[in-house]
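Next up, some structures in structure tokens.
In the two complexes that follow, chain A is the common piece, with chain B as its partner first and chain C second.
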Partner chain A sequence: MTPSSRLTPYLYVLPLVALLGFVFGYPLLKIFEFSFKMVRGIDGPWIGFRNYQLILGQSLFWESVLHNLQLLLAIPVMVAISLIVSVLLAERVAGWKLYRIIVFVPFVLAIPIVAVVMKRMFQFSGPVNEMLRWMSLDFMALDWIGSSSVALWTVMILIIWRESALGIILFLARLLSLDESVTEAAKIDGAGWWRRLWHIIIPEMRGVIEFYVVVSVITMLAAVFSYIYIMGGGRGGPGTSTEVVELYIFNALIRSSLPGIAAAASVMLFLVTGILIFLLFNVRQRAEATQ
Partner chain B sequence: MSAQALQPGAVVKQAVLLIASFLALVPTLYMVLTALKSDAGYAVDKLGFPRAPVIDNFRSVLVDSPFLHWMLNSAVLVAGSVILSTAISVLGAYAIATMAFRGRNTLLAVSTSLMAVPPVVMIVPLFVLYTRLGMVSTYTGAILIYAGLITPFSVYLLTTFFRTVPRELYEAAHIDGAGQFTILTKVVLPLSMPALVTLVVVNSLYVWNDLLIAIIFLQDDAKRTLMAGISVFSGRYNNQVPLTMAGMVIASAPMFILYVLFQKQFIRGLMSGAIK
Partner chain C sequence: MDERALPMFTRRSLMLTSAMLAGGAALGGLSRGAAAQVKDMDMWYWGEQELPGLQKYVNDSVARYKAANVKPMLQDTAVVISQFQTAAAAGNAPDVQYLWNGIYHMESVWLGYLRGLNNLVKPEVLAASNPTLLSHFGGDVYRTGWYPLPMFWCYNKALFEKAGLDPEAPPKTWDELLVACDKLKSSGVEALGGGIQDGYWSEWYITHSLPQQLDSFGEAVELFIGDRDFRDPKYHEHWVKLEELKNKGFLNKDMSSLELYPGIDLVVAGKLGIGQSIGTRMPADSKATGGKIGYMTMPVFGKGKLAATPVVDVQGLGISKDAEDPAAAAAFLEFLQSPDQLKAFWEATSWLPSNTTFDASVIQDPSVRGLWQNWGLTPNISNVTNLVPGQFYERAAIPTGQQIVAGSMTGEQAGELAANTAKEWKDFNPDMVENYRKWAKDLASPT
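Our next item is the complex of A and B:
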């Protein structure tokens, strides 16, 4: 090999390394540094663990963490919905292609748009409550948006509505790649629908289900900003009832101009998601090994 | 087929899918129907079809709010970041898939794991840096960040795809005396159109729909994206529901039209894109 051809691969990956280094590498190193500094403007003096102490001593931070954890409750519901719909689509029941186009729609619509729409639908005097009252279910006509004990559950409904579409997409992709002879053989054996689902289809989908669960956990802990920002009126409201860790970081950085505090919270969020990403890789490798 | 349709099981299955489809469409239906009502009409009837459809809401939205301007801003960001990321990823993924060099596996592993890092973790240092460099509220600054955020997925998808291209094709081109770059542009890329379409669909959707980066890094009114614009717009017209819905119809129209026109590409893109 000539020296120039030995250099060629590095020339090809150079822009890639530079871009990833700038957008991921630099920030991921810098959050650790900032988290130990009292940053005013662009830099500041080292202050040890003071940022962490301040955050961990703040009830608002713990409330945010608790809200993120509460959102995890949405995941079993999302898995169940995604499983049922994707399995039915994969059976190619009459009209499945049209159904598929429709059930993917939530994933194509932007979160902020849907959040604005849902917020109006769930207003106290909005159509959802009007419908409930019309069905004589007055006791269920809650103040979905304005009550601080209900608001986060309402956000959860929106999250389930949209993130289930991702589950359907994922599961359907896996199901359509399955060998049909297995399920066909079970059909001839006379196994019923539920038995086939439980004993043959779900075991085959274990990898993709685990993958979806881990991705969803990361979403609930660290990627719900768009939902919360719109539904909670930009402030995690009413009060602090829909405040989450992402909004805490956003507020510390933009509204209070305390990058050090924001960085320390980012470090904690990064470490938690880092563990989950490690898990994700194990899950994926296992999924690939069984395929 | 007809015998199967009569089975009770088939009826239940149809019913389940019908309900799921209805729920998936409810917000869209509500949005469109409400946008066609007057304020008075909405106050009387929040659920039904508009008795006397009006288009005034759409007119006021387009006259009073810079929706088209916001859309243009979003389009600039989508185009800039998707083109930049695709070019960089094609080069990088081609090297990873076809050339032997030190650090190749590490690069792919690191890049792939970055897919799962939530964007919120990166914003603090980038914002501080951009403030110092005067890059807050610049297209260049935001395009760089978006391009970076979508690149790990692009590299993963393209590397996987390039590895499926038969080796004989490369070797034949090599023997013909073609250089690496010629092989990439003349042999590999024309074969890669399906993967490239997937990338463009998934990545455009990401950038177009993003709110977090947009409100932090494009604070200037003139640079506001559609999603950031929506959050301002919906706050301002909080009590005028039909007007707000008209705005949402306009905001969702571009992606909706693209989805209906290019269902096949979207569905294929989402299904292969989802397997990250």
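Our next item is the complex of A and C:
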């Protein structure tokens, strides 16, 4: 092969690579640049690490980070729900095809739609509390979205409900590709449902579970804006009780006219997410190797 | 082909055709030249979102306007400021730009994106449009008023009657308010409140309550940038009063989970005695209740010169630094303030234009007419929260009210948070402090 023929494939993809570099690379470089500037309008003076210092010294930022970390508590619940539901569906219980459609629906609906509906349901005088009162469970009729101590947990319920659907889709796809003879043999040998789940199914699904966990971690850290924006009244409220890092960035850029601060916070979020994506690729490689 | 006809056609027809083409081209050039006399202008605006009919009015207006070709563009709510500022920074701002009041356009003034109107728009037109004091900076004015937003406390007259209160004499002092709330509560209805989940109720509460302890809006600016201290009891007393309403059980129980407008709907529906509202809702609310929605200034507890003064916010229009012909842009703004245009505004939107010369006899609803006479045509103040830096708004102005209503913060703690936020704002915006201080001087007079 001549040197020119070795270069030919690269030349074919060069225009697309250049286009992608411009579309994604340039804004990314600009964000890094802005993070070191006091930007007014579209540019500003260089101020070194001042933006980072201000952010790291602000209690609101750490409160936002804490809320993101608190959302991570949803992941074990999502994994458990996804696992149990997908196993039940894989066992083809009566009506499983209908159930499958029902559990997939939340993931098909756009987040703003489900969030708006949930918000109505969880209002203090909304259907959830009305039902609880009707069942004489008044003590459980909380101010789900109006109380600072409850609001983030309510958002978490919504996230679990919707994001578990992705887990069910992934887990079910993996389950349907498993060799059924192993579980059948265990069943003949007298292994119960939980035992089969714990000793056969979960080890077989380790790769896809790890993948789902990493994707969910990234979601909780960097992709919950829509949930928070709508459930928190557009502001991470009440007070700042549901503010997360994404909303912090949005507020800095749009509502506080501080593009430099928004850029610095974005860079930090980008780096953390980048590390997680790196981990994700590692997990996928391992999963592929085991399969 | 008839070859004999060819020479005849070629010689005579060619000359004739050439002459016609030349004449046509010359005429075409002339007409293009004539067209070039008419300026092309861009106008970016917002408002259809809060005032249905505004888009139709704008489209009709630019069609009627013959001195320039004005190309209007309705902006999305989230980008009204950022889209303009980005365009201005790139040197491509529209000739005419919609401007919210106060800091929402003043930052663009400080960045040099807007032109002062003192020497562009006729003084009498500018004054009649009531751009409000918040558009003044460095001795110049940067907007013409477009349409007013009277802000007031509303109440349901039927519920007042049921509670044994005089529906035509709403409470004027804080003590009278507490008595009224007590009677409303005793009559079986929730006394006061609305919906604070989206935060705007919190903002409006400051709009009505903070000025009660102020002598001027300059004082408010000094508070927001930390040159005065929110920990001083008189500057956080309004939050203490909100806490008092909460502790006495006068606020509606679902207030924290309702948004602003559904909260106002409770007053209209006869489920809540007193709330906060805005003029643009008045025609529909008054009609829905058969004129049973009353309006009042917030009952007085403060001792500042601005206490008990009606609040009228005004949306406006300005001219960008990139306007190719500022005089032509100013002429268009003056056109929008002409009597025919004011009438057209009312007809298209069923709402008032911001102009003190507007013929109010066209207003049929006595509540709306009364609101215009008592709010729009008397000494009024603008919305103090339009002075609030964005960072303070998000970090303190909104959360304090929400947390007090939710019972997780006291009025005093709200003052502490506000003071800390003002200090934090200074750290984040050292380059803006002097601009705010200069602005405070422009705002030093009471109204």
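Remarks
Please note the rule applied: the second predicted complex is superposed on the first by the 272 of 291 C-alpha atoms of A that agree within 3 Å, B and C clash if a C-alpha of one lies under 4 Å from a C-alpha of the other, contacts with A are read in each partner's own complex, and residues count from 1 in each chain.
Just so we're on the same page, contacts are C-beta pairs under 8 Å (C-beta built on N, C-alpha and C of every residue); 3 or more make two chains touch, one makes a residue touch a chain.
Quantities reported herein were computed from a predicted structural model and do not represent experimental measurements.
In the superposition on chain A, A:A80 makes contact with neither chain B nor chain C. Of the two partner chains, chain B is the only one that A:W193 touches; chain C does not reach it. By the touch criterion stated above, A:V23 is placed in contact with chain B alone, chain C being left untouched. When the two structures are aligned on the shared chain, A:G239 is found in touch with chain C, with no touch to chain B. In the superposition on chain A, A:M135 makes contact with neither chain B nor chain C. With both structures placed on the common chain, the touch criterion links A:I42 to chain B and to chain C. Contacts of A:L166 after superposition: chain B is touched, whereas chain C is not reached. Applying the stated contact rule after C-alpha superposition, one finds that A:N251 touches chain C and leaves chain B untouched. Looking at the superposition, the partner that touches the larger set of chain A residues, chain B or chain C, turns out to be B.
Contact with chain C, but none with chain B, is seen for A:Q58 once the two complexes are overlaid on the shared chain. Within chain A, the residues touched by chain B in the first complex and by chain C in the second are 41-42, 126, 233-234, 254.
By the touch criterion given at the top, residues 78, 81-82, 85-86, 88-90, 107, 111, 113, 196-199, 253-259, 389-391, 393-395, 398-399, 402-403, 405-406, 408-409, 424, 427-429, 431 of chain C touch chain A in their complex. Contact residues on chain A toward chain C in their complex (touch as defined above): 38, 40-43, 54, 58, 60, 122-126, 143-149, 233-235, 237-240, 251, 254-258, 261. Per the touch definition, chain B reaches chain A in the complex via residues 1, 5, 9-10, 13-14, 16-17, 20-21, 23-28, 30-31, 34, 46-47, 85, 87-89, 91-92, 94-96, 99-101, 104, 107, 110-111, 113-114, 116-129, 131-132, 144-145, 147-149, 151-152, 155, 180, 205, 208-212, 215-216, 226-227, 230-231, 234-235, 241, 244-245, 248, 251-252, 255-256, 259, 263, 266-267, 270-272, 274-276. Of all the residues in chain A, the ones that touch chain B in their complex are 8-10, 12-13, 15-17, 19-20, 22-24, 26-28, 30-31, 34, 39, 41-42, 81, 84-85, 88-89, 91, 93-96, 99-114, 116-121, 126-127, 130-131, 161, 165-166, 169-170, 172-174, 176, 193, 208, 215, 218, 221-223, 225-226, 229-230, 233-234, 246, 249-250, 253-254, 259, 262-263, 266, 269-270, 273, 276-277, 280-281.
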